Each structure stands twice: as C-alpha cells, then as structure tokens.
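Chain lettering (A, B, C and D) follows the sequence in which the chains are written, and residue indices restart at 1 in each chain.
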Amino acid sequence: MARIGVFICHCGENISATVDCAKVSELAAGLPGVVYSTDYKYMCSDPGQSKIKEAIREHNLTGVVVSACSPRMHEPTFRKACAEAGLNPYLCEMANIREHCSWVHEKGDATTQKAFDLTRTLVEKVKNNHPLESIKVPVNKTAIVIGGGVAGIQASLDIANGGHQVILVEKQPSIGGHMSQLSETFPTLDCSQCILTPRMVEVAQHPNITLYTCSEIESMDGFIGNFNVKIRKKAKSVNEKLCTGCGLCTTKCPTKNIPSEFEQGLANRTAIYVPFPQAVPNKPVIDRANCRYFLTGKCKVCQKLCPTGAIDFEQEDEIIDVKAGAIVLATGFEIKNTDFFPEYGYGKYKDVINGLQFERLASASGPTQGAIRRPSDGKTPEKVVFIACAGSRDPAKGIPYCSKICCMYTAKHAMLYKHKVHEGTPYVFYMDIRAAGKNYDEFTRRAIEEDGAKYIRGRVSNIYEKDGKLIVRGADTLLGGKPVEIDADMVVLATAAVSCDGSESLAQKLHVSYDPYKFFAEAHPKLKPVETNTAGIYLAGACQAPKDIPESVAAASGAAAKVICLFSNDELTREPIVAKVNRMPPPIFSTCMGCEMCISICPYQAIDKENITNRNGEVIKTIAKINPGLCQGCGTCVAFCKSKSIDLEGYSNKQVYEEVLALLNN
Amino acid sequence: MSKIKKLSKESFPLLIKKISETQHVYGPVSQGKRISYQRISSADELASDFIIPDMSAKSFVFPKIEKLFSYTKNKDGVEVQDINLDNIPHRVVVGIRPCDAAGMESLKAIFSWDPSDPIFETRLKRTTFIGLACNQADDYCFCTSLGGSPGDTKGSDILLTKTDTGDYIAEILTSKGEKIVTLAPDLFQDVEGDLQKEKFLANVPKRFDNSDLQNKINAAFNTDVFDEYAMRCMGCSACAFVCPICACFDIQDETKGSKGQRVRLWDSCGAKLFTLHTSGHNPRETQGARWRQRLMHKFSYMPERLEVRGCVGCGRCSRRCPVDMNIAESLNQLIIDN
Amino acid sequence: MGAINEIAARLLETGEAKVVIGYGEGSFGSVRPAFARNQEEAEKLIYDKRCTQNLAMYVYKKEISPLRKLAIVANVSTLRGIIRLASENQIKNGDIITLYINELGEVIECKALSEIEICLAEITPEIKPEDKELIDKLDAMTPQERWNFWISEMESCIKCYACRQACPLCYCTQCAVEVNQPQWIPVAANTSGNLEWHITRAMHLSGRCVECGQCGEACPVNIPIHLLPIKLAEEIKNIYGTVSGMKIQESNTLSTFKPDDKENFIG
Amino acid sequence: MENDFEPKIVAFVCNWCTYAGADLTGTSRIKYSPNVKIIRFPCTGRIDFMLLLKAFSNGADGVIVSGCHPNDCHYTSGNFHARRRWVVFRTLLDFMGIDINRITFTWVSAAEGAKWAEVVNTTASKIKELGPYEAYRKITNEIWES
C-alpha cells in the first residue's frame, strides 16, 4: 500500500500569493494513499528539506510529491533530499504549481483547485513509480580518431596528451589532410606546412598514439565506452617495419606518369610513392592500380633495388579489431572539381583550376616551386580571375549552403598572386564577402586596398576560350548588372566544399546521422556542436560542415575535451530513464513480436535484436533489445510499440495513464 | 394454459402502440446491413422479410455489460453500493424467433443453477416475449434436428404465427402473455376450430438424428477430427456472442477516479485468453481444444448437468463465422464418425 | 482448377510442404479456408472467384506455423499480407511456398519471397468500388453525421475480435487491448470502449494495412470496420506515397519520417 | 450557462521545449486560463495517441499536444515521428466524426513563453465556444448511468 507524503511549497509568496497552499495541503491529505501532507514557506530551504526527510523517516513514506516550482529547477534538489533520507530518489516527483499555476493565474479558487489537481496528478503518478538505480557503464579509455587532417591530428594529440590511448585511422598513405597541401594560411599568411608538419611528427612519435594509414573503418558495434571497431588496413605492399624510407624505390620506379593526388594533378608521381616529402609515415606505398607488376605481372624493379627487402607484393589487407570508449570523426571535406561546372568549361580548359590547385601552384614545395604559372603552357598569367561561390550558395547545383572558407582563401589567393606577380591583375567575382573572424575583414580589405585585387560583385555566367585567353563573362551587380567581360590568362574557381566521398556509408556504419549534404550531424546545433546523436561519438572539423583551420582545431580540441571528460571516469553514470522491452516466463518470453519497427524509430540506434534460445541454443524467438547505454529515454519506441512491449522508466505507460485519469477525475 | 386467439394484421400495430404506452417495446429493426433487436415505438419500425436477427435476444436477460455492483474508494477503504433490482425495466420483445425464445429456457437453466442469479431472474421475469413463428428458413437453420421447430412455443409468452392473409394466430402461453392480452383484449379475437398453424410454418429439414448425441460427442473427445478445426477456427468470439445460449462471462472492474463498478461481460471459450493462466500455461492450448469445448459444453456437459442442451439450432454461429465453422456439419460428422 | 490440386499434391508428396493452406467448398455454396495435409485433402482444394478471403493470417497461427514449411494458395491480398508479414519479420524466406493464382487463372509457384514481389510489381492495388463509395459518402458528410454513423455502428460492436483475428497483420501474442497494466481499453463492449478499440486497431494498422478488408468481412454484426484502416492507407498513400505489402524491404511509414514531411495543422 | 462553462483541457507536452516554454510563461508572469493542465513527457514521440483517447473518455473537453519545433527535438527526431503519428491520427478522428477542433497541435519552444500563453488562451476560448464535449461524454457515461 502506497504511503505518499505531499509537500506544498509557498515559495515565499510566489505561490501563496495566488494559491491557498494550506487548502491544497488539506485536500491532498484526503487523497487515498497520502499519509502525510504539509505546506511550508520554502521547501527547497534546508529546514524545508529537513521536513521532507523527517516525514520520510517518521511516516515511512514510499513516495514523495513536492508541489513547488518547475521540476526543471529543483527536481535534483528534492530527489537528493529523499535519497539522503533513505528513499530512492526516483520515488520523488514534483508538481509544478509555480511556473504552471501561481505565476500564470489570478488569485482565486480556480487557481487553488488547479494546484490541487496538479498535485493529485503527481500523487497518482508517484504511486506507480518504483525505485531506479542509475546505470553504470564501464569505459574503455582508448579513443579512435578517424581522419588525420588537422582536426584529427589536434584531437589525437589532445587526447593523447591527456594520458589516453589514441588510434588514429587515416585513409591516405599519410596524415596531414588538406592543410598539408595549402601554401599559406589566412589571415596571417604563415606557411601551412611549417605549422602543420611539427604536429604531424608529434603524432608519429607520440607514445600514446597508434597510427594506421591506408586504413578505413570496416564496421562498428557497441556503444559509448564500449565500441568494437574493425579497421581495414589496406595492403601497402611495403613492409613498414623493414622499410627505412630511403626512397630509392620511388626514384627508380618505371611508372612515373601518374597524376599526383597531393599535387592535385598538377604534377606526376610514381607507382610506388610517398605522397609528399614531409609525409608521415614517410614510407612509400605501392599504388596497385597503376603498378606495372600488378598490371602485367612483370617488373619488380623496386623489389630488386630495395636494400632491406621491404617490398612485399603478396601483402594482404589486414583487419584489425580494436576496442574503444570513444570515437572522434574528423574525416574532413572535399572540394568540387572544375568538371562540375558546365558554364565554366566542364574542366576542359586547363587554365581553369580550383582553389586547391592554386594552393599547389602557390606553394614553395609545389610543382612550380611557388611560381604562379598557368598549367597549359607554364606562362605567368597577367590577369587572373578568381570566382568565389563556384557552386556554393547555389540551390540549382544542389549546394545551397555557404562553403565558408572561400571568401577568405580567395582574398588570400589574390594577395599571393599579386605578391608573386607584381604586374598582374587579380579580379575577384563574389556574391558577398563573408569575412567574419578575427582579423578576417582586415585581411580582405588589405587584398582590395593594398594589393589591388579588383572585386566585382556578381556572378560569372560563362567562360570560353578565345585566342589563348579565357573570356570570363559576368555582370557587375553594383553597377546595375552591367555586363563585364575579362580576357583572363587563368581562372581560379573557389569550388564548393562538400562532404567526403564515402561519408554516408561511414555514417551508417557508425550509426551517426547526417544532413542532406552528407555532412555529419551534430547532436544539437547550439549546445552540442561536437557531439553526435550516438553517445560517445564526436565530431571534429569539416566533416560536420565547411570550417576553416582555427575552427577545425577548436572543434577538435572540443571533441577531445569531451573524450577526456568521458575518460575521466571508470564508469559512466546515466539517468535510468531508459526504455525496456518486457520479459516474461515461457512460453511467451516477451510480448515483443520482433517486428523491428522500433529499430527504425529509435533516434539513437539503441535498439537491436536479441535471440531467445532454448537450452540447445536454438532460437525460439527474436525480440527487440534496448541498450541502456545508448537509450536516451525519449520514449518514441514506447508510444509506437503496438503490443505495448516496451515501457519507459520514469514515464511508464502506467504512470502517464494514471496521470491523465487523475488530472481529469477528482 | 395455452389459449388460441386471432390477431388481425390491422390489430397488430395497435397492440404495439398499446403496449408502448406502459412499457418499452423492442423488436427486430433493420439498420443498414444489420438486423437487431431495438427499441421501437411503432410496428412500422419492425424489419420484415428476414430469417433471423443478427444478434440473438439473449441480451434482454444477459446483456453484454451487466453491472453487478458499484463502489467508491475513499480514504478509509471501499464503500460498496448494491445494485437496485427495482431499476430493472419491464420490457416487451416483439417478434422474437422461436429458437431465440427456446434459448431462454437453457439460459434460465444456467443462471438458476446453484446459486440462482437474481439479476438474470429479475430481467427474465420482467421481459415478455411475443414470439413470431418462422415462415421462412435457410440452410443454416436446424432447430428441428435438436427437437425444436419453427413454431415452437417454448420460451415465448405469446407466439404469433402469420397466416397467408397477413393475420396472426396468437397462442397465449403464459400469465405474462395474458397480461398483454388484458392491455387490449378487444384486439384479440376468439377463434373456433383448428387454425392449422403448421401450414404457415417454414420447412426446416432434419440435418441429423440427435438420438444418443451426448454419447457420440463424448466418444469423439480424443479423436483427430478436431485437428482440422484447430487449424481453421481463428479464435474470435463471434459464435459465442451471437449464440442465444452461450453464457460464459468475464468479471471486470471499470473505474473512473475513485468510483468503480464491477461488471459482468460476455466472454467466450473460443478465445485463447479465456483459459490462459497467469503463468503463461493454457490448459486449452489449441483452437481445436477450444472448439471441442464449445461442442462438448453445449451437447454433453450441459445436458448432463442442467438437462438442457446449449444449442437450439438457430444456426447463427455458422452463418456468422468468418471461416465457416458450421456447427451442424460438425455434429453430423461426429454422429457419423461415432 | 486442376492445377492447384496437382501442385498441392506434389508439394505434399515431395515433402516440400506439410500443409497447403487454401480454399475448399464450404456450407451451402460458400467457400471456406481448407487445409490439405494429404493427397485426399489436396484433391478437395478449389480456386475460383469466390476465393477472396485473405488467408495470410493462417501463416502465423499457432496451430499451423509449427508445420512450416507451409504452402498457401494466394490471391493478391494474401500476397500482400505475406509480403508485409515478411517485412515485419514474421515470415522468413523458405518458410512458405506461395501459390499465386493470377487473373488468368495461372498458378505461379513462388518459393522465394522475392518471387512474390515480382508478381506484385505488376499489380496496382485498388480498393473495392463499394468501399470507395462508402468512404466518399462519409467524407462528404458533416463531422456530426459521421459521428452519428460511427457511433451507431460502435453501439453494435460486441468486441468479439473477429476483425482482429481475421487480420493478416494482427499477429501480436498480446494485443494492446489485452494489456491491463494499464487497462488502456475497457474490456466491456460499451460504445466508447468499442470506439477506442477500433481507433487503436486502425492506428496500429496505419502504414501496415494491406487493404484486404478482411476485418469488415469477418464482422458478425456487419460493421464496415475495414473502412478505418483502408481510409488511413489511402491517406498515407496520398501524403507519404507509401503502399504497404508490396516489398519486403519497404520501410514502415509511421516509424520513419522525412524532415520535410508536410502537415497543415500544427501551429 | 455558456459563460459559466469551464472546460477541462489537458496539455501533453515535451519536457525540453514546451514544458520549458511554459516555465518561461510563468517566469515572465504572463497570465493565461487555468483550464489547461500540463502533463509532462520526455518527448512528443512518447505521447501515445491512446492517451488522447483516455483524456476524452475521462471528460476532457479539449486537448493540447505540443513539443519542440521540427529540427529542434532534444532527441533529434521524436517530434518528426510524432508529426506523422498526428497526421494519421487526426485523419482517423476526423473520419470518425470526432471533433478535431478540440485538439490543438502546436510546436512551442523553450523560448516561446508568450506563445504558450497564447496557445492556451486561444484553445481555452475555442473550447468554451464549442461547449462541453457532450457527444463523447454521452458514450463514455452510458456505462455509468444505467
């Protein structure tokens, strides 16, 4: 039999000014199951809490209802007080008679009656509460960071420096990402590689970091604190342990005409190659798709030359099983190629390049050693047109969003060009200049005012070749849409930043949600920007949305901080407000029919299948199973389940049902 | 006490009118695709040209929801309010079929079995049945196979038989029937000689020979004849609920705030929940066992204990069965097999 | 209709099926579900225009499902029932051989569920004209008239659950109406309890109903109860473009969503 | 009589947006009709359509269902699922002649304290105008009156 205590708070005069608290207390005392009822000036004060504690002990209460302010305010206070008096904290409920009653209604019987109705409703609820224990989940203190660009590097270093193991998984043969391709960075114009490579080396040498390159995630299961991940380490055909990185193989490889990915196709590489001189690890890999031996069965030049016998043509992909407590996604972005733009020549004009190609042209370590020469004939261009928003902010191209980095890097490109080609003229077509950031606006102004970049506000309708020139036709909207035509030597498209190829399938493997553009989705756009909906999986950098370097690094450190917070405990403690699938004795076992529709409804991928087997291990029935580590307690599955086989702790069917009845029947 | 009178076709509506002045009158009413016993205020509302109403007349004495008592929960416990039998209304049912009326005898046997049920008794006592003999029948009708007939007087207080002129032969069978006559004695004309009621009755051929039915049914208990039924019967309760005799019930509490009432509701041995134990064990595990129970109860257990059968051969269960579980066919098969 | 008997006989003979669920002659010119477990019973199977009943609910019936592998004689609604059951994991590939009889009377033997999908790919499901007519009639009524119509029907409901038992998708071991903690739906067959039951059933079928109308067919008191799930199926088709019981991998309309789903009443 | 009628209205709201929004109404001291009483749920996805039926069968004259705006769900998609559920449910109720004017579906965020007051007041005055839900009460009371 329930023994409920009801405590009506006056909240000074906040409640008692419009609600007759003594009356509510008196009415509550008359409710079946209520053995104690009182009112007091400040229930949340120490003496108020003591009243509750004393009543729990004295009247042997099995449930407590505090009618006071919003539970969003003081539920933890009163639950703690109950716990201190030996009552399970989840046997305490609050009726909100302040925000939802005394403050919003005039003084009178109706207001007092409503306060009582709300109290009665919670009394009926609490009669159906039962003790709950918070959920403890052990935490494996290894983090997996996916993606070795600047965000992945930063996150790995932060976590590793926090004293935890990190497994860094990179798809390419080297870490470094796009930042390693950049020439100089805005708004400081410091050399990108100069600031990045020390970090890359630090990763390679860090005792807490294990680096897997040429590797991808094969599959993932488990949940926060307890992920099981399979990593596919692709065959490099080079034994990393034996290889000293002397580079002899790469110089002698007979296949030398493969467009270099790192150089954005502006230079070639060999079939056995190191992507760039500062690569980490600085050991070559064989590109099997282009290797003469793999194509024809003959060659093996590298093997013959290798002084340590590191070349291994038989090497196979390796599947590595790792366990981790957290995952940081830092897979970055890609930019659209020039062939995406029919109006700009579908990529057929060699001198129409994208921003990343310009970075390589401007880079001291690039194919031209930093001299700006156009790809077609190597001439120094006299007029260069930069087109911002190539694809971005263009719903017709399916990319309605702003790529965010282009305004800044286009200004930087104009500047770098002007610095290198003093007599040249940079033109910039733009829609708006978005230079919000520390020293950003100053930077773009410098490009215009000091370096003489000619900014034209308008879009370029098309580009065509005429007499060795690229005719760029556009309009200047600031001059009422006056047509503009520029005979350029080179055109640089600030093509849209898009999500990486394969991010959708990775998101599905990791059960992370993604937006319509296949960027990974954060758990909350404001308050959980580095978390995903899957607890224990975090986001760093431009895999979430286009980001510049400082933002990527900040997000990476944010994600790392989340991981370190998680790892600071041996166990996770979670609110036990989770859904459960019922279980009952044979022959029914559970009323769950295994229709699995709850699996698709769960926003957290917290529901899986479970086989019920007999003693011989034969499957009798397959039902849904909710992982309390993943369940966040939204209850969507509970309301959906047709057979009422799922219930939610804290908001059970019985509880909410009794609440509705109690609210309406006095 | 049976008295034969004549009720002309013009008098019949007047009689209904007369009765409705003092009592609620019910009769078969057509409602879309459905014919059911409804409250009427004039004879015009009565359906014509049909075999049998979709639902039997049992709800007049054994309604689908019967309040047994009500209660109020308060701080100190529960206060019980007994049902006031005085509130049970006096009613007249016009046009009840002889099979439905005959079913009342079986129901009475069930509810009067130790201990007798006062609510049922009162309802029965206060309901007057003016039967209407069947002048048409269909293939599902098999009253004659179980000793009934389209002109059976059992259970009726007055039985009307419509003649070819549209006038009625009225058999006044009980004192309740007499009371109806006294309401409008002028409408009932005296008759002379034999009116040859049988001439106006439907022809319901015998479907099987019911001699020794009980033993034959008992003999079938452990045979595999029920296997096919087990597969086909889908386990709804339609047969039981349309049956004029099925009287299994469920007791439930309906609550609303601090108020509650205990109600008796129709239930069915064909439903799997009927015998399901809390443990999950079900002594009547399969639908075959449940169908067997239905037959056994009607044709073996009831005759044994109550000396009445649980079936009058109205054929409703078979007409209404979504999967054509035909009771007459089953009986016939059991009789032939055993 | 020789073919169906021959195929049934062969499946039983070879042991590919332990029982063939089909149709047989019923009482007085009607047809009834029939179960062929041997040659003799196989001979009695029939198939003709009268065989409109959806037999899919027999597939999971406790007295039958242990006999898997099963074979089932199927019209279009049975096919859709089977596919939907498969999409809800109530049937696995290999549990059942489906003998689909197409419009030309040809028997198409589907051993894999994917073969049923192929048969269904050629079919555009349509609701019966009389159902459409009644739905249109109800839609044209005022809410008050609709209420009067349905309440008069609900008063007649006796909660025999024939609608549920006949439904190919009401396979739950414990129906929501049988849950008594809390007692969501009154056990009593009173009007509001009946209304709640039928609303609940229609909601539970929404996005799943294969529009066979079996619930209405089964009703012993002739309530056109099938109009509720069918009306919702039509609405769901209009709003979300989904039709259930056509593909095994189809997603369930009410447990999935699109961020830009439209509605016009949430302020 | 009409003026004296005080409707019973139950509000089913999610904890994170509308409950918090109603808290803000309180903190902002915006007055509204006391006829509406709130029941708190974690998410609109948790709100079982059967609870709405229970509200009507227990004498509610009106119902409010409110949660986070689309894309704002604390649980990301509970309200999206709820939205489909209500689309279908509302269609069904309307088809059965249940007065859908008595159900207000709305999104109220934690910042929309004023909107909550407006929703409550609009609903309360609408229900007052519609009067008690006698039609539903009649069918629920029959079992209690016999």
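Basically, contacts are C-beta pairs under 8 Å (C-beta built on N, C-alpha and C of every residue); 3 or more make two chains touch, one makes a residue touch a chain.
This structure is a prediction, so every number in the text was calculated from the model and none was measured.
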*Pair sharing more residue contacts (C-beta pairs) when A-D is set against B-D*: A-D
*Compare the CA centroid of chain C with every other chain's and tell me the farthest one.*
A
_As a quick test, compute the distance in whole Å between the mean CA positions of chain A and chain D._
35
*Using mean C-alpha positions as chain centres, tell me how far chain A is from chain C in Å, no decimals.*
44
*In whole angstrom, how far does the Cα centroid of chain C sit from the Cα centroid of chain D?*
34
*Counting only residues that touch at least 2 other chains, which ones in chain A make the list?*
588, 601, 640, 653, 657, 661, 664-665
*What are the residues of chain B that contact at least two other chains?*
65, 254, 256, 263
*Among the residues of chain D, which are close enough to touch at least two other chains?*
49, 54, 58, 77, 81, 85, 143
*Examine which chains touch each other and state the graph shape they make (line, ring, star, complete, other).*
complete
*Quick one: which bits of chain B touch chain A in the complex? Just the residue numbers, please.*
73-75, 256-258, 279-281
*asked:* Help me check something: in the complex, which residues belonging to chain A touch chain B?
replied: 30-32, 584-588, 661-662, 664-666
*Which of the residues in chain D end up touching chain A in this complex?*
6, 8, 10, 15, 19-20, 22-27, 29-34, 37-43, 45-49, 51, 54-55, 58-60, 73-78, 81-82, 85, 117
*Under the touch definition given earlier, write down the residues of chain D that touch chain C in their complex.*
49-50, 53-54, 57, 70-71, 77, 80-81, 83-100, 104-107, 119, 135-136, 139-140, 142-143
*Along chain D, where are the residues that touch chain B in the complex?*
58, 143-144, 146
